Amino acid sequence: MNLARQQSSRLLNASMRAAHAPVGRRAASGFAKFNWEDPLNLESQLTEEETAIRLRYGTGLLPGPNAGRDACNCWLISVVTGESHAASASWMAHRRFGSQDCCHFQRKLIVDAEFNHDILPEMGKLGLLGPTIEGYGCAGVSNVAYGLIARELERVDSGYRSTSSVQSSLVMHPINEFGTDAQKEKYLPRLAKGELVGAFGLTEPNHGSDPGSMETTAEEVDGGFIINGSKTWISNAPVADVFVIWANCKWDNKIRGFILERGMKGLTAPAIKNKIALRVSLTGSVFMDSVRVGHDALLPRTKGLGSPFSCLNSARFGISWGVMGALEDCIDRTRTYALERKQFKRPLASFQLVQKKLVDAQTEVALGLQASLQVGRLKDAGKVAPEMISMVKRNNCGKALQQSRIILDILGGNACADEYHVGRHANNLQVTNTYEGTNDVHALILGKAMTGLQAFAN
Amino acid sequence: MNLARQQSSRLLNASMRAAHAPVGRRAASGFAKFNWEDPLNLESQLTEEETAIRLRYGTGLLPGPNAGRDACNCWLISVVTGESHAASASWMAHRRFGSQDCCHFQRKLIVDAEFNHDILPEMGKLGLLGPTIEGYGCAGVSNVAYGLIARELERVDSGYRSTSSVQSSLVMHPINEFGTDAQKEKYLPRLAKGELVGAFGLTEPNHGSDPGSMETTAEEVDGGFIINGSKTWISNAPVADVFVIWANCKWDNKIRGFILERGMKGLTAPAIKNKIALRVSLTGSVFMDSVRVGHDALLPRTKGLGSPFSCLNSARFGISWGVMGALEDCIDRTRTYALERKQFKRPLASFQLVQKKLVDAQTEVALGLQASLQVGRLKDAGKVAPEMISMVKRNNCGKALQQSRIILDILGGNACADEYHVGRHANNLQVTNTYEGTNDVHALILGKAMTGLQAFAN
Amino acid sequence: MNLARQQSSRLLNASMRAAHAPVGRRAASGFAKFNWEDPLNLESQLTEEETAIRLRYGTGLLPGPNAGRDACNCWLISVVTGESHAASASWMAHRRFGSQDCCHFQRKLIVDAEFNHDILPEMGKLGLLGPTIEGYGCAGVSNVAYGLIARELERVDSGYRSTSSVQSSLVMHPINEFGTDAQKEKYLPRLAKGELVGAFGLTEPNHGSDPGSMETTAEEVDGGFIINGSKTWISNAPVADVFVIWANCKWDNKIRGFILERGMKGLTAPAIKNKIALRVSLTGSVFMDSVRVGHDALLPRTKGLGSPFSCLNSARFGISWGVMGALEDCIDRTRTYALERKQFKRPLASFQLVQKKLVDAQTEVALGLQASLQVGRLKDAGKVAPEMISMVKRNNCGKALQQSRIILDILGGNACADEYHVGRHANNLQVTNTYEGTNDVHALILGKAMTGLQAFAN
Amino acid sequence: MNLARQQSSRLLNASMRAAHAPVGRRAASGFAKFNWEDPLNLESQLTEEETAIRLRYGTGLLPGPNAGRDACNCWLISVVTGESHAASASWMAHRRFGSQDCCHFQRKLIVDAEFNHDILPEMGKLGLLGPTIEGYGCAGVSNVAYGLIARELERVDSGYRSTSSVQSSLVMHPINEFGTDAQKEKYLPRLAKGELVGAFGLTEPNHGSDPGSMETTAEEVDGGFIINGSKTWISNAPVADVFVIWANCKWDNKIRGFILERGMKGLTAPAIKNKIALRVSLTGSVFMDSVRVGHDALLPRTKGLGSPFSCLNSARFGISWGVMGALEDCIDRTRTYALERKQFKRPLASFQLVQKKLVDAQTEVALGLQASLQVGRLKDAGKVAPEMISMVKRNNCGKALQQSRIILDILGGNACADEYHVGRHANNLQVTNTYEGTNDVHALILGKAMTGLQAFAN
């Protein structure tokens, strides 16, 4: 399952493929066939490994142009419904809106709002957890590959992608980046397998967009530290085994990360109930009432807000890919509906007002993916700036939300029936547009970069 | 002036530069400095030649990070005002809003609405005309380089870019693509030098978005053809020496192109007066009253609408780059204004509502350029589909128009003073959003590609 | 409970109140105090009776400027939770986001998705059902008063307003308008009391926006008619006692209405499950398999689509008021949140980006209500045109949806917690923007009125 | 020409007309015919006098449903072109896009950018200047009538309405409101006749949105005051005879108004050249270098910013009506064009994408006018709040700008030809959206009213 290779050779491969194309006058006047599902030919810019990842992890049961995508759906459906891969594949191949199976799957996605404990282990088996990390049983693939995985997962539901983002970017990343060898050995292999569930505690009840005002504290005491405070809107918290908690250290007023574990005295993590979005992903609070940990709980290389921001930047990068996948699923479903549904004796898809909606959405997908690809290439090359990630996170989340809502209307009355999926995606995307930096906060991050003036507190 | 090289080696160079970056864990955690003027590091994706073109053609008088851009302004200012390069450069270096010189330049751009006959020859000297053509005195550079040229020209004014687009994509391209060797020898070198001005006659008074209904006809007669009909909204027409005219051939009902020349009996090309946009670019009608041409006027490899569409696709690709340049100039100017202008004792640039406007605009520039870059790379590789060009033409023009209008408001009352430039750009961009396929027509071209159903006549 | 009076005297009252204001120069230079909750002073344009209705029906338990509004919430809460009015009022007066009671109420609204059988009888007691009808135990108030009722109900939930709209506009209205005296005597009093629940069957599985293609048929047989067909997205259907069903009459191909009753052989009305919106309002299908009815089931004055459209116009008018109420509740809640929630040491409400969101939303409320008021006055005077109703239905629903989504973002992460209400409203408003004529269909109705050209099938 | 009557009787008339309509059940089910040009029947809410004003001042030459509108065009055309009313009327009746006459008129409107000195005297003759003032030769009509006049004038050009707004609201209003009897006698009659041109000096080069930071000063000296400072973006300044200038009084730091006159030593008022909008309305700066005035120049009842704000509120109210007129003209012209222009063998007006644009624009007109009507009625009754005026000024200007730009695209390539008018209107509307309080500043004024928190300096 270790897919790591040399970054440089991968990039060469990509350019080679492009270079093999005929050049000169003849080439310039020839035209290729347009593929609406990949309007700007993203595929031609991927390395072989990246393409393989896109296709492979879904088990490859399904042939055809949508192999990877359907495979992903198929694989997750199989986990969620408890059916065999073959049964799920067969179901996928003949999927109809509103079928019984579909409703069964949907109930799991929306109505029950249950966390499926098999998801993370299955992801682990497929090498999807902490995939950019080298060693510790991780795949060591490129950041672009990580983005591709996020995109495929979020086609199914933003909640599954969220669960995996937290595990990979917010828990495994900081342990790998800021932890000791012992911490890495202890946690990374089991997190990579999905045996342990991770959570990331930064946001507090009174401090969402300004983590600098954090109230959670760490105090050094004999034999370790005492942590006090509370965190909220913490994904995975109610089922997490491992918590990366950020606290203000009383001895020097610097923010540092600590690894806490389920079962520690004084730590509770109740679920937030009745969410109207991301229902397959559990969210909770973390209350820490004088939780005592040893010195080995400290992530030693963390110091200041730069450390959690490093995690957020990794997660935000993945989100920028993921939301494009969710929007692609919305487009796919509304387009199919518009082709099948007739009004005034003609398919909806033949109406100008409908075509414009679909085209606007697909254009934003094409542009958003190109932008994230470039950020991913720069990230792989160590040349990314955090503001670039703010730009693609903000743009892609904002556009995915906006466009999913617009095309939702194509479904007419069926828009509010959850077996049509698009409304569920749109609700999810409202959350992705808000978490890990709201749309407005990222605007102000970029505004500061453009003007040199900070306007957060204005 | 011949800059041609091997496409493949250029592409390799680009990837090599990326590949030189450090890889692995260390790289992934490092951050680069953000450059708001190139948010996603487009520069890193250019070949050395492309970067050189961006910088060079402006004469390189001005150092610093904006060398190429200011150079372009400087060079054009020099031509337009008749001052020396050095004087223009000095003026550029100290440019202030509302200065006398600026007003002088502005009057040329807006008030006088005159075509400057020195512009095309100067462009010719710099190798900017027909730059992707190999031979005939053309530069033979990549399509991406062509896009970069369009972007720099349109920073100054969409009208100058329009003039050059017509010459390169709509006149030189079809002669090179569909003409005889004799036609190429006769016209291309002089067009490349800007000694001849070209025009492209497709649109008719009653047929803008549906050229298939063309009414202009060609009839074969002894010794050649007789052309009858009229064309309108033809850029460059009033000053053109060479007209590529499209006509429906009576003998087989196919559309073909013909090369007409100024002075032919029955051909007149009066100007359309009182335009409120693109005032430095002349526009006119072409009336053909039994214009008789020899057999050598026929572009022999044209047949059907595919031929003029090939020209339009080349031009549209360039437009998709150009409009981003215009929007960049708008951003640059409003940002500077917002930093200098104070209200309530604080710079405008420190207000949230102002920052959001600037950031939205810059984000669209970054995304639009990435998309056009990818389309350019595919075009260079002979893998482009016309719908891809529709997508970037439509998106970039639409976004440039929308965003330029929004940031125009930052100027407050000064928005309507032409020495602040942004209003002029916004008016120009309304035209670019409409010509060569309106925003809606491109939506329906893409809608047809997505759904298989045409909705143009709906 | 009969509130009927002379229309003309009411209108005079309204103008009198305005006329009592001082006039002339002195008046012109004075300024009144601005009330953000009623920005354009709608209140001053209401008759005394209308103001009384707004305040009274909520039982008047709560004093203060928001008496009517809170009363409505209080009254509905009392019904939904089964608590006493006093308890509910006390709860309202101290309501805090996220309180236990609030969650309890919310569970009823969202999670359980149960129809509350006490709601209609309670509405009946308050005179809210069929309120514009004179006689039969109905209140006989103005159309504006009907709109005010819809607005107050929808502050709580669009589903409650939907239930009442169906009863009043889609069931009682056609019986009153097109029925025999016997039909009126039989059904209206019990519908007015909420003893009977009504449903309206027009939309079919294959025909939403084009009811003219209706497939349900009525065939005349000995002793009556046989009805065959199916209807879908029928509000109240699963619990309805009385169904107004529209069918194509085989004998003359005209569409007519029939009154069917629960329990008739061949009639079934299963619920549509798992809706993501309007969860307190039941929706279902109606299947009619050779349902035999007597001649007295025919609504004799119906003939052609004009009859159901008359019902829809009544309902759409009410919706145009209702959605403004939902948006007002969203504004009220997000504004309170923004005042209480601090980030960067300042209330959210002090940020420019937040203020702009709130102001845009409130402006649309103010404009939408003025427009609906004028349509109501014209409706009362018999001078309304259906296109006017299309205009306010489309505008108010579209704006309510758009603005509720924008201000939802003010809640940040809490947006997806249902106890903050706004996300629930936004989901509901997506449905109101679609049902009873989608936004696009109303655009085309108005487009036809403006151009004389129909474009529905384009 | 004195049209003054009792306000109360007017209001009664309006309600009487409504009351005459049949009431009750029969009325409720009848439908009126829809008039797309007056979608919500504004006409039915006007007093007879107001309707008369709308129709009369244009001289009534033209019969038919558009009498008032065409008359206004006709009257202004007559003045601008120097032709007789009859000739202009005949021209109007047969107006075609692109006709010679039209071009002639257009040249006056755009290309020449000249102030027409006959306009104000002609307006004076028609009673359009200072029309709400009683006495001094003014008409003494309602504020709604004032709004109707602004709407008709701005159908032709925002510049003409601006000229009249300045004269009426910014010069005659403060003299009438804050002046001595002597000042009123001296200036008002001649201003009302258009013999004198007025200007209003509040905005300064460094202080647009925050007049509180004003730098112009008044110092009391023997025999009067000395005024120093500069004003900019002052409409009418280059041709003004009378200037109402606001200055910070050194003796008590309060802002007061002074009446200055052309020819005073130290006062110059050069024009701002090369505007790209409002070209028929002159704009200039006012420089005051120790201008000495007598005590009688002081407007004695001014004190503090409330005084100029009173003027701005009067002007802003008129603008809210005027911009609706400009948008109505844009709709009228693009609709006609869309009906006449065919593409793909069908009129543009039959395309869904075109209908939606027209309908969105017309809806905003209908809503905007209803809102302004209500504000006007409250203003007449002395019950208006300044924030109400901010709301309609901001909304109507913003919507007019947005919608005019959208429908401009219907003209395709012709959009940039000034004889199609719409581009000119759109450019004008950018200015109206900015002057007298930018869109954002009014948002923050309303934001403060909604939240109690000021965010101007944020």
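As written, the chains take the letters A, B, C and D, and residue 1 is the first residue of each chain.
Definition applied: a contact is a pair of C-beta atoms (placed from the backbone, for glycine too) under 8 Å apart; a residue touches a chain by one contact, two chains touch by 3 or more.
None of the values given here were measured: they were computed from a predicted structure.
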item: Chain separated most widely from chain A, comparing mean CA positions; value: D
item: Chain pair showing more contacts of the two, A-C and A-D; value: A-C
item: Rounded Å distance, chain A centre to chain C centre (Cα mean); value: 39
item: Computed distance of Cα centres, chain D from chain A, in Å; value: 53
item: Per-residue multi-chain contacts in chain C, two or more chains; value: 351-353, 356, 440, 443, 455, 458
item: List of chain A residues in touch with chain B within their complex; value: 6-8, 11-12, 14-15, 18-19, 21-36, 39-41, 44-45, 132, 134, 143, 176-177, 310, 335, 338-339, 347, 349-352, 355-356, 358-360, 362-363, 366-368, 370-371, 374-375, 377-388, 391, 394-395, 440, 443-444, 446-453, 455, 458
item: For the chain C and chain B complex, residues of the former touching the latter; value: 351-353, 356, 455, 458
item: Interface residues, chain B side, partner chain D - complex; value: 103, 106-107, 110-111, 203, 206-210, 213, 232-233, 272-278, 342-346, 351-353, 405, 408-409, 412-413, 415-419, 423-424, 427, 430-431, 433-435, 438-440, 443, 456-458
